[in-house]
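What follows is one structure encoded as structure tokens, with my remarks underneath.
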Amino acid sequence: MENFPILSFITFLPVVGMLIILFIPKTQETVIKSLTLLVTGIQVIAALIILHGFNYSLGGINDPSSFQFIEKFKWIDITGFSWIGRIKVDYFLGIDGLSVTMVLLTAIVTFIATLSSWNISKSIKGYFLMFLLLDTGMMGVFVALDFFLFYIFWELMLLPMYFLIGIWGGPRREYAAIKFFLYTLLGSVFILLVMIGLYFSSTETLADGSKIFTFNMLSMMDVHNFTANGILSPLNPNNLRLIAYIALFVGFAIKIPMFPFHTWLPDAHVEAPTAISVILAGVLLKMGTYGILRVCYPIFPDITIKLVWFIALFGLINIIYGALCAMAQKDFKKLIAYSSVSHMGFVLLGMASLNTIGISGAILQMFNHGTITAMLFLTVGVIYDRAHTRGLDDFGGLATQMPIYAGFTTLAFFAAIGLPGLSGFVSEAFVFLGAFGSGSIRTLAVIGTLGILLGAGYMLWTMQRVFLGSLKEKWNKLPDLDFREYAMLIPLSLIVIFLGVYPSAMLNLMNASVNHMVKFMMDAKTVYGSLIGF
Amino acid sequence: MTETVLIQLAGIILFLPLLGFIVTLLLGKKIKLIYNFENAIIIIAFSLSVVLAFIKLSYYPQNTVVGEFQWINLGNLPVLGPVSIDLGIMVDNIAALMIIVVSLISMLVHIFSIAYMKGDKRYNRYFAYLGIFTFSMNGIVFTHNILMMYIFWELVGLSSYLLIGFWYEKKSASDAGKKAFIVNRVGDLGMFSGILILFYTYHTFTFDKIFQQIGMGHIPFNSEFWLTVTGILIFCGAIGKSAQFPLHVWLPDAMEGPTPVSALIHAATMVAAGVYLVIRVFPILSGGALFFIAIIGALSAFIPATIALTQNDIKKVLAYSTISQLGYMILSLGVGAYSFAFFHLITHAFFKALLFLGSGSVIHAMHHEQDIRKMGGLRKKMPITYATFLIASLAISGIPLTSGFLSKDGILAGTFAFGSLTGNWFFAAVGFLVALLTAFYMFRLVILTFHGEPRDKEKYDHAHESPFVMAMPLVVLAALSIFIWYTPNPFNPEQGPLLSQWIKAPVIYTPQDARYPFMRSDAAPKELGQTAQANNEEVVFSETYTEAMHNAHVPAMLLSLFVAGLGLLFAFLFYQWKKLNPDKLAEKIKPLYNLSLNKWYFDEIYDATFVALTLGISRLFAWIDAHIIDGIVDGSASLTRYISSFSGKFDNVVVDGLVNSTAYFSGFVGLVFRRIQTGKVQTYIVLVVFSLVIILFLFKSF
Amino acid sequence: MIHIGLSHFLFVSIVLFSLGIFGIVTRKNAVMVLMGIELILNSANINFIAFAKFGNFGYQGQIMALFVIILAAAEAAVALAIVLNIYKTFSTVNVDEIDTLKD
Amino acid sequence: MNTYNLNYLVNSLYLIKPEITISIAIVILVLVDLIMDKNKKLLPFVSMIGLVVAGYFIVDQFSTNSFAFNTGSSTGMLVIDPFGNFFKLLIVLASAFIILFSVSSKEIKENLERHGEYFTLIFGMILGMMFMVSSADLIVIYLSLELVSLSSYILAGFTKQTLRNSEASLKYVIYGGISSGIMLFGISIIYGITGSTNLYEINSLIQSPQIQNLTFFLAGILIFVGIGYKISAAPFHFWTPDVYEGAPIPITAFLSIASKAAGFALLIRFIKITFIKSVDPEGFWHLLGIIDWKSFIIVISILTMTLGNFAALWQNNMKRLLAYSSIAHAGYLLLGLAVMSNEGIAAIIIYFAIYAFMNLGAFLVVMLIANKTGSEELDDYKGLGYSTPFLGVALAIFLVSLTGLPPTAGFIGKLYIFIALVDAKMIVVAVIALLNTVVSLYYYIRVLKHMFLDRPEKEAPAFSISAAAVALVVVMLTPVLVFGVYFTPLVDLAKNSVALMGF
């Protein structure tokens, strides 16, 4: 059990499932569904095993020795053209406090999403094939430590997502799908370019002491591994690090999505089937912020420190702008989509604080937003399945007709507006405590608190429009939740409440890493300063 | 009898109602009688809290008992070193007394509701909500740190939201709930910012630790200005929760909720939480902050009082009187009359709860008729209600032998002393004026409701005295509105244990020069004649202040008696003996009358400004998002339309997914490119030759 | 009696080349277009031979010219066959009427 | 004439065993066609055997490095070097697949009686291309180019009956004739300036500063026209869409891969050998200042890819769409050359190895579909992903690979091109290329959209595919997927193939 490659297992299990499903006749729908459920279920168990074996005291981030469950094999090793030197791509997986939370999140959300995919009607087989492929892509992104590998997983998600939205989506699905695809691809080509640039700027020292260019992210994080004249090397007086950073950041920001690159999100969400919205909001958006924390921050600490104010600013814009846009929406799902924009703003703000509390808050917020928004989209799905409309003004008084459903929704809503006792509160509070703690962005943090108010505004208004007031005649037939919906909502609710009461469960996981990162960023100023006079 | 027992007791008292909430909520649908479980729980909680208070006040009157645990450990932070967030329970005299008040009133309201809410279709859930409210209120009472305070702060907000909107089928109800929550959030933003400053400065939330550090002269941003700001920001929370000016607008609307709820939450306990908060942070409030608090208190005492004069909805009148009374407490804190503020909190809790429950019983009897113009003469029909209601009214008007007289008199004395010390008599003036108004509108209410001839006959005929479960709480509360529980001498509260032993003005931690002059520990009376020691009282804040209070006592009492009597007199002149005609008066001072009748137009103003603004911006942004941003990011939308009209072929392609405008653009480029693919080979040749020539000119390298 | 030098030959070849291009671009008839191509090839031939003669580069030039002539013949054969085929299918050899393949 | 020279001739003949094999194959094909003109079944086998043998010879002498057919001192008309051999191998491989295509292609089957000439002509092309990639002498270059062209003119119009076939061939012949004519004119000028037609000699001659730059530059560009038309680089690409659409699918595929490969090989050899000054240890070339090839190629390539991609947005005919996409790919490939370094050449080689498979695969699927539905129109692809999932998915993978998304091989190809660019600090060009990739996504994804997202008006008839066809598709599919995740062998191959004779 010690050297069992659990990360590869959890990552490629879905592919195995895919291959099996490939040979199941498409008429065996329940078999396919149950198999997928099984696969994702095993994933959750695997995630829990990882959690069990996880050592809380190890930092990770830039220190290879303190990553856990490491799997490092030579994948591609070309004893190179004399003039490039050797090309070496490692199959390098490993997790630290930063990624373990995301792995857990992915496992849970995917499992829930599988449940909510149960009522997919057309071409089940194709759907679940794509679904599982997507699953692998997401898992992979969170465990990969080699940039090349990371990028492959990153791109691997595009196509399945395109089809999942484009085939199983709503009326304007094709538009939404292509929009999503193009935006993300645009982002990822920037990432690709920076990746290559970094490859030529950073080296890795092999056992025999020879230095070679590398895709190994961890090596890129050590300033001493940079070549003297690499275009992205801090040692090179006229390097392009700033531009590269911005390109990279934009690449990730599109996924977050950060204003003004967010416009794909509402369309994608509105058109996507419920399960996919859940995945999209629950996991995919996190990849943007995860990427920034995993790649931008440690590899470009010098630039990060310079630009942190702008990151916070964009976070603030996301918060306020998203909230205000949400307030004006007439479509339930679109409103939730915009609320995601607002909530991801908190993550950005927290990250920008560059101190432990802020970054912990950001990561915690990533996790909480994953679960809460998943819940919100599920609830939207529930009502849409029954009423076949999402117009907020079409409803009213549903609390009388579907009290339990109303209960869950209320829980999710209050979690989303950061009610104490529910998970949302801790992360938001931490984000603000952190942001306020860092002098440069203090004002932005204070302004940002408006987001809490606006959040309460649109959420309660939505509550009122959907659940309160007198019941409309046409809805007095709607049934309340069924077993499957319980199965989806209860676990999430429990997580939301549990993390609200005992956030340490998550925070302890990441503490070591976050502190390590903060330390790293602080040292960076001196380290880089000594190299390229700040 | 160890202190840990206290903590355990407190813990049990805190979490019992939560248990009640969960059980009642989950089983509410299945088991019809589950509400009894909740009631039982509350009764247990009450008896336990009596035990708790007894132990605390009799065995450990001096020391505060604290039990805390580590909630979040952030590990070993760079620079800061290890940081952790602790939550915990603190039981001191204030908390002990407060918990009794809360759980007692909560219990009474529960019992009252059994009858009042009979036949409601969400009967059980109502009790569940009461449960979670009690839980969160207890939390506020017991907290030993400001974060936990904030947490339960929000939770009471939630429960009040749920209870105000309990009859959510009524739009007005759900609106009121929403309004209450959001307006409170506004205040909470301030409080939260205050917490941000505190945590940033001290890296802890615990009151004691913060106090100690301030005591050591470590203040936010090393400036007294910021200390004041912090104080004011924290106080913002109180402004919201205690419905102080300018955030008082939610409380009157909150009367949409069931009347017992109004009694419990919006009169006795939750709204008092604001005052409780200020009491908790009192030691670190600088002079500036206190002065600000005093002003807010004064305004909140005055404005609603004027509004209450003209309201005709029985609950609205009481609501405004609540705001006004809370204003009193805040004011008294602002002028430094700490102990009287808390004293008034307690007394007010009882008689205001009584007033509301009384009105509830009236409304119940009148089949949910709330307009006092349709009432009258009810005293024959419902004597108990009348009697208790009358006592409460006397108490609130500050007539001797009532609890209200004692506490209110203390507050007035405080303002008086403040005037004498600082030469600023404004607060005193407001205090007495409001006392007058209070007496007037309260008896206007009593007279119109219970005296004279019934104005709505058949409603009157169906009216009847309430059942025992409703009457009993009234009686209990009425009893509690009598002076005897608080002091043997009906004219001097100081002689009772409450003020002489239990409620003590706290040690002030604010830097000396940030305080009111008279609060400086070195501030001695001008002529050292009979000082505090002389008539062996202990020193509050400073010799000066103690003496001033001492001197203010008697004149304030007389004056307050006078104004109260005046108010009473006018009330009778207007409404009982009809010597004066209110309508004529109203005609004479039309503008003022309208101003009062329309609640000073606060709601209108807010709707016209903040609400409208926010919604407007949000619509604007949404439009921008849909049109401009999408446009900018995807290319220009207008160009789009131009081009698509330019070529019909476009639309097919558009439909084919090239919807965004970059797509249009690229499509446009593509269009150009395909224009040259004419299919005529000779054209190609020409193009080749041309481009050849161009290339030759471009690249001739010399 | 002027002495004919390299430049004269080059001049002729240039003229031929240009005429070829001109013919190709302007003629409608496919056969004429092919003629244009022949002209270009021949202009090149003239160059080869002229250079070979005046530059004393040995026989490479002449050989090249021979090859070109042969190829030209072959190309002409193929081209004419195709034109014939075009005439069968389109029943015209008018180049600019043959534009069914286009965007 | 002493024996030495004779030996040398014999050695040269040894060196061109593959070409000889092909030539013999041609003869045999003709004979077989004559002798048993009833039974055409034999022809494919014969040609496959021929190719296999040729392939064997190529592999056999893969790493030899020498001149054949000496002219004068130290150089020869042909160069046999790994670089050339790689492309020969590629050509042979492609041809083999084309033979298989043709066997299963409906259009070709319909003209069974003319199979003999069909295969003969294909082999003519193969021969020509083989000489193209190894020719080091302007005469040979021209001759081989013409040989390829002449056979392809006819092949383009092979099925004479159909309108577009003959139109394609006409356009092709006129366009090609002129281009080669212009090229020839250029050659003549160079010959005039240097007095030699051998690239190596020319190179050594022009090292000296005193030559007329302008004329030489003119000549160089004129020659580029000839080659540029073969590799369909803008602005000499105009024939491509029309001919590709017009020609039978196997021929289109053949043109888009084999002759393009040969053209690239020729271009690289021509530029490098003729204009090289020195190669620095990093493998960057330093060319003579006569022609600023670097910026020239950059401009051409950007123009090519942009034009190809943007024009492709419009196409509703699959073949035409692929034609434009192949133009765009020519642009990417040119970037590899624009780097002017051995690394760039390696990138081109890798790209070609992958491009061959994915493009052939795409054409194959298009052909299989056309065989059944008889249409190449995009609108007839609606719902194909459901009616015939296998073809749908296969085509999807090929297109994704053409877009260059991981984990398909196409990504690796692009990756190497970009690596080369970034290494050469040509960031801006790289960005433009990347944005082009994004644009290209539009039209590739459009095809996917038609196949999977759109429902046809009338349910598309599910048609069965022969096991052979499936096998063929799988053969194409495997490398596209395998090289995506494990490309070591590919790169090793490229590594061994970058060596050009001399430098």
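Here the chain labels run A, B, C and D in written order, and each chain numbers its own residues starting at 1.
Going forward, a residue touches a chain if its C-beta (ideal position, glycine included) is under 8 Å from a C-beta of that chain, and two chains touch if they have at least 3 such contacts.
Since the structure is predicted, the reported quantities are computational estimates derived from the model, not experimental observations.
Peer 1: Counting C-beta pairs in contact, which comes out ahead: A-D or A-B?
Peer 2: Pair with the higher count of C-beta contacts: A-B.
Peer 1: Let me have the rounded angstrom distance from the C-alpha centre of subunit A over to the C-alpha centre of subunit B, please.
Peer 2: Roughly 38 Å separates the two chain centres.
Peer 1: What whole-Å value do you get for the distance between subunit A and subunit D if each is reduced to the mean of its CA atoms?
Peer 2: Computed from C-alpha means, the inter-chain centre distance equals 43 Å.
Peer 1: Just the number, please: Cα centre separation of subunit B and subunit C in whole Å.
Peer 2: Comparing mean C-alpha positions, subunit C is 98 Å from subunit B.
Peer 1: Can you check how far apart subunit C and subunit D are, centre to centre, with Cα atoms defining each centre and the answer in Å?
Peer 2: Each chain reduced to its C-alpha mean, subunit C and subunit D end up 27 Å apart.
Peer 1: By residue number and range, which residues of subunit D touch two or more other chains?
Peer 2: Residue numbers touching two or more other chains: 170-171, 174, 178, 182, 241-242, 311, 314, 442, 445, 449.
Peer 1: Can you tell me which residues of subunit B touch two or more of the remaining chains?
Peer 2: As it turns out, subunit B has residues touching two or more other chains at 657-658, 674, 677, 679, 681, 685.
Peer 1: Which subunit A residues reach two or more other chains?
Peer 2: 174, 177-178, 182
Peer 1: Can you work out from the touch definition every pair of chains that touches here?
Peer 2: The set of touching chain pairs is A-B, A-D, B-C, B-D, C-D.
Peer 1: Tell me, which parts of subunit D touch subunit C in their complex?
Peer 2: Going through subunit D, the ones touching subunit C are 139, 142-143, 146, 150, 153-154, 157, 160-164, 166-171, 173-174, 177-178, 181-182, 184-185, 187-189, 191-192, 195-197, 241-242, 245-246, 311, 314-315, 320.
Peer 1: If you look only at subunit A, which of its residues touch subunit D in the complex?
Peer 2: 75-78, 80-84, 87, 123, 151-152, 155-156, 158-159, 162-163, 166-167, 173-174, 177-178, 181-182, 185-186, 189-190, 192-193, 196-197, 199-200, 231, 240
Peer 1: Across the complex, what residues on subunit D touch subunit B?
Peer 2: Against subunit B, the touching part of subunit D is residues 170-171, 174-175, 178-179, 182, 213-214, 217-218, 221-222, 225, 235-236, 238-239, 241-242, 289-292, 295-296, 299, 306-307, 310-314, 439, 442, 445-446, 449.
Peer 1: Which residues of subunit C touch subunit D in their complex?
Peer 2: 13, 17, 20-21, 24, 30, 33-34, 36-37, 40-41, 43-45, 47-48, 50-52, 55, 57, 60-61, 63-64, 67-68, 71, 74-75, 78-79, 81-83, 85-86, 88-90, 95, 98, 100-103
Peer 1: Quick check: in the complex, which residue numbers of subunit B touch subunit A?
Peer 2: Subunit B reaches subunit A through residues 29, 71-80, 83, 147, 150-155, 158, 161, 165, 168-169, 171, 174-175, 177-178, 181-182, 185-186, 188-189, 192-193, 196-197, 199-200, 614-615, 617-619, 621-623, 625, 629-630, 632-634, 657-660.
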